[in-house]
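Shared chain: chain A. Partners: chain B in the first complex, chain C in the second.
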Partner chain A sequence: MKKWIKVSLIFAFLLFSLAGMAQQQRFPKPEFGTGYSQPTPITPEPRALALEYTDVVILLIVLSMASYFAIRKRSRKGLLWLSVFTLLYFGFYRDGCICSIGSIQNVALTLFDPGYAISITTLLFFLIPLVFTLYFGRTFCAGACPLGAMQDLLIVKPISLPEWLRKTLGIIPYLYLSLAVLFAATGTDFIICRYDPFVGIFRMDAEFHMVVLGIAFILMGMFVARPYCRFLCPYGVLLNWMSRFSKWHLTITPAACIQCKLCSDSCPFDAIDYPTDEKQSKNRTWGVNRFLVYALLIPLWIFIGGFAGSKAHTWISKANPTVYLAELLITKPDVRNDLKNLDVQAYLSSGKSMETLVKEATVIRRKFYTGGWIAGGFMGLVIGMTILRQVVYRKRTDYQPHKGNCYSCGRCMGYCPVKK
Partner chain B sequence: MENSNKKSRRDFIRTGTRLSLLITLGAVGGIAAKNLTAEKYVWQIDPFKCTQCGRCATSCVMTPSAVKCIHAYDLCGYCDLCGGYLKPDANKLSTAAENQLCPTAAIQRRFIEEPYFEYVINEDLCIGCAKCVKGCTSFGNGSLHLQIIHKRCLNCNECSIARLCPSQAISRVNASKAYKVKGGFTKDTKA
Partner chain C sequence: MKNKGIVFFLIILAVVIVVVVALDYNASKPDQQPANPYAYNIDPFSRIDTVLIHYKESRNLAISFSEPTGISFRGDELFVVGDQKLQIIEPTGKLMNEVSFDQKPTCVYASTENIFVGFKKSVAILSRDGAKITEWNSFSDSTVITSIAEKSGIVFVADAGKRMIRKFALDGKSLGIIEGKSGNDQIHGFIIPSPYFDLAFNADGELWVVNPGKHSLENYTVEGALRTWWQASSIKVEGFSGCCNPAHFAFLPDGSFVTSEKGMVRIKTYKPSGEFSGVVAAPSKFAENSEAPDLAVDNQGNIYALDLNKKMLRLFVKK
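Right, the complex of A and B next:
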């Protein structure tokens, strides 16, 4: 009988404490006799939506002005001051966020994940510069990109890089783009934003390694002009494609080129194509044969790339926290007892079953497998095309900016002695 | 004659490619438009999911973090022996620095009437370490909890805390419901 009372008492106690927990009021709020008025917590509003649209309008204005300065007015000074404004506004005032480069990931995520809502501002920041480039060349890089402005203003003594190095390093942006899209599409990570070297400088605050990276890029950029734009920027890949087919583009000379060679060293980015040397032009049959061989090799390159990408998917997918956690719990079951591992402890207390976790991880990993084939195949295509381009000779009689690589900064225009 | 023909052919290809690129961009925009939203989205912490791991203080791109402790006074018991204010092994029940749980002394304790004390967070001092939140949730009513303060938050494209949050307590929400403040007394949808 005594035992029974004990048990019921314990039960009553448990019930009581459970009820208390559900209410989250272990200690009820007192009734104050002294007329105490309780303050309310301050919750400041987020930045107004209207201001986001202002950013789009400012982007439109800056792009229009940059195109006008580059093509109609032919004013390097105008472009320079425009980039100063961009650096101050989109860089230091808006803290480098929102930016077109990062918007690639939002667009990629929304294309693959219907549950992800993309804001109008982000989509416009992605599309507007591309459309402008399709008509006016990469004036976005010259005037409207804070990262480009930052590097452009800090060029001290640019050195010319050999062509093989430029072409080889030029493959990195394609790799960066495909990885960024792969990670964004699988909902893993936004690597472009995380490894943006300049955003820490805009915010005057960043993790230590990002500060080191940012300063390294700036120091490098004093001699190798615009290192991020040329050898890393994933948005630059898209702009490059658009710019190649642009309707109008910045020209070095306002009238006819007189081949005075004065502009030949003016471009810090090695983006000026020289006239082709007739004497050095190679045997045509040799070139055509080479072209055919390289063109036929492209499918092989695509397959090799895709195969390598699919083989690497297990390794790459570890960047995804769910996959990582599932793998950790399977390979090292002891980790469950490690109280310091917050991720494992949070998972264990969440009550999610191992089966669900593994199922989720498998789904993500399968996405990485498909994505690995696509991204790898794309990289294969890029390598194949880069090699193919080595044997394509296009006859040029004038000094011209390379339409894909030229940032429309307008430095070369001042070197041309020809007047309108 | 041949030369001009060649040129016009090249122009034709160029225009054609330009138009197809434009159509591609339009298609990308069109597909993305299905998920388009005219609303603003911001990051928010769900205090009921939060496990007070302390990563909010260290993972934010801002130093100090944009995450701060918020006090839901309606839930507070105004205790003298406050689990959020005092260290569990405090020597004395006093405001002396060595007894305080908060590493930056951001919680101010004020006597109201016997035996009740009011606790106010000084937002400028708070670093979002969640030590007080853990204390209050473990020993008290759980009136102290973390929220992202949108005056400070840069609204990054991907919240660097959300990426590392072990309990996935941070998510993107509509800006009209930017805060999830505990307790029914404030509009939990602070418009």
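Right, the complex of A and C next:
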């Protein structure tokens, strides 16, 4: 019986082999050895759904470990190795995508475009770090963000920036968030992904100018710690808000602060609040008056911001390809004859009429007008609140990490001589 | 000032970041994008070594067609179709006869007795003096007729829409079809991605058909059995490239093939065995984005190419 099976198998093998040979003879492989190499696409291939869920599970594990290391274990070393893992896994292995920072745009698009549905994994990447931050502070920044890890590991000689500069640059993330949401909501572009300075390094296939951008940020990060996180990251805005209300948060000292000041210069991100000066609280009436004036000015700031945003909508909306194309075809009709202009040729071959294109562009521009009011108003609110905070006095007796700005990296913990 | 050098360095980096972002933002506009990174530069392949060019263009004849479509040669006359007419022209260019139709012809074939004019979904049969004999209309809705040939009273009609060759008797009776298929998976029929599907008989009475999707020329018996074939897939001058080439072909008196290609337009000759022989007209002879010229060969082996873009008949003779 076994022999019969063997013979059958050999016969079948020969039969298939001969069939393959005949096929090869009939249609030999075309010869196209031309040296042409297909450019690699900018976005990575989608992952299998099971792997995406695995990523969510790994994110949960990493966040749990980061929170454990930051709050319970108080281990800087643990956080450091966790960020190395994050850099390798979420950065280099997963090509930096999906990331929680970029997921803001997916959420915005799904809220404003009924034709777009966010995937559950993207939504989880957006929500989970926010929920963790609400409980444990910004442990996501400490151990689960590949962009943060990349910058954190390359800090060489951090310098302290003057407060006025920090406050001024600190407005940029709000502006970036406003624009990112506006652009995503209008279906214009995902600018967070497009100008992610490190994604090209993770994928090892960035265009030259993006390599320059990535290297510039890395070099800058050697002296200004985490420049992207502090002065650009739009997700950091949301994390900052959540962290301010966090139930638990990393502390410099495990017990009572002994005011030794050893930790005062330990934070490369200038995120340690010093004990308040008693003299500051003496002129209370003057402070209250200023607070009231600044608070009353906030609606004015919102209006000015909204008005400026609405006025800028014409210019900003040119970032939308449909709006730009419509304007281009109206102002430069000759561009239709430019065969090398792929966008114009793609539009012409689509068979879409000029009237339809203009109608679409008008709808998008109207969205930008409304969005301009909202985004501008939001920026007005941010500026108003930033000014207002200058006169808000909160009494502090100890050296404490700023709950909103602290990345829970744990550097300061090692400087504290107090043990449990 | 502390850290003066570092601050200066940081300012430079900040400027670099702003400039890079600004340049990238500006460069992505529809009228300012860089060249298509996926574009395949075929210019090197369109330059042909002059040693390979065995023919020269001896003259050309302007034709009064706004949209010429097909050509045939028989006896000492050229048959050209296009617009809504057929013109019978002497090789000197003198117009002998003109026949009008109510629709645009797609192809023409002249036998010793008849002229077969193909339309998208019908075939008209005329006498050699241009008188209409009959018309066949019983084709399917998806039919696209692209070529006709006749041998021993059997008319072969290439239907690119249905990806088959239809056979008819001269009285219009259907004699079956040739699909180029068999039960064997190795022969899976004609691959016709676009309406370019040519056929012709050689001097020995053998039916040859282009299988453009395979870049091959296939020889079938009248019954439709595949007898032999040759294939030349290559972007280089020796082969055919793109989705569907050669677009047209004809036979030289010695049985060699003359082929014309679309995309990178060129006319070449192949030996009866299928081996590349030489070039008749290099791509530089044709305007950019030209269509593939239809071909006809006279009794002396001179090649007539119907240039659909320049709207002229171009005669190529051996050097």
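Keep this in mind: the second predicted complex is superposed on the first by the 370 of 420 C-alpha atoms of A that agree within 3 Å, B and C clash if a C-alpha of one lies under 4 Å from a C-alpha of the other, contacts with A are read in each partner's own complex, and residues count from 1 in each chain.
Simple rule for what comes next: a residue touches a chain if its C-beta (ideal position, glycine included) is under 8 Å from a C-beta of that chain, and two chains touch if they have at least 3 such contacts.
It should be emphasised that the depicted structure is a prediction, and the values quoted were computed from it without experimental measurement.
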First, second, both or neither for A:324, with chain B first and chain C second: second
Which superposed partner A:131 touches (first chain B, second chain C, both, neither): first
Chain B versus chain C as contact partner of A:118, first or second or both or neither: first
Which of chain B and chain C A:342 touches, first, second, both or neither: both
Contacts of A:46 with chain B and chain C, given as first, second, both or neither: first
Partner chain in contact with A:216 - chain B first, chain C second, else both or neither: second
Greater chain A contact set [chain C / chain B]: B
Chain B and chain C footprints on chain A, overlapping residues: 26-28, 30, 32, 34, 36, 38-39, 194, 321, 342-343
Touching residues (chain side chain B, partner chain A) in the complex: 14-15, 17-18, 21-22, 25, 28-29, 31-42, 51, 53, 55, 61-63, 70-79, 112-113, 116, 118, 120, 123, 140-142, 147, 149-151, 153-158, 160, 163, 166-167, 175, 178-179, 181, 186, 190
Residue ranges of chain A in contact with chain B within the complex: 24-30, 32-34, 36, 38-47, 49, 52, 95, 97-98, 102, 105-107, 110-111, 114-120, 123, 127, 130-131, 134, 189-190, 193-194, 203, 205-207, 241-242, 245-247, 321, 342-343, 345-347, 349-350
Chain A residues touching chain C - in the complex, by the definition given at the top: 22-23, 26-28, 30-32, 34, 36, 38-39, 157, 159, 194-195, 197, 209-210, 212-213, 216-217, 219-220, 223-224, 318-319, 321, 324-325, 328, 332, 335, 340-344
Complex contacts: residues of chain C adjacent to chain A: 2-3, 6-7, 9-10, 13-14, 16-17, 20-21, 23-25, 29-31, 33, 35-38, 40, 45, 185-187, 214-215, 231, 233-236, 239, 241
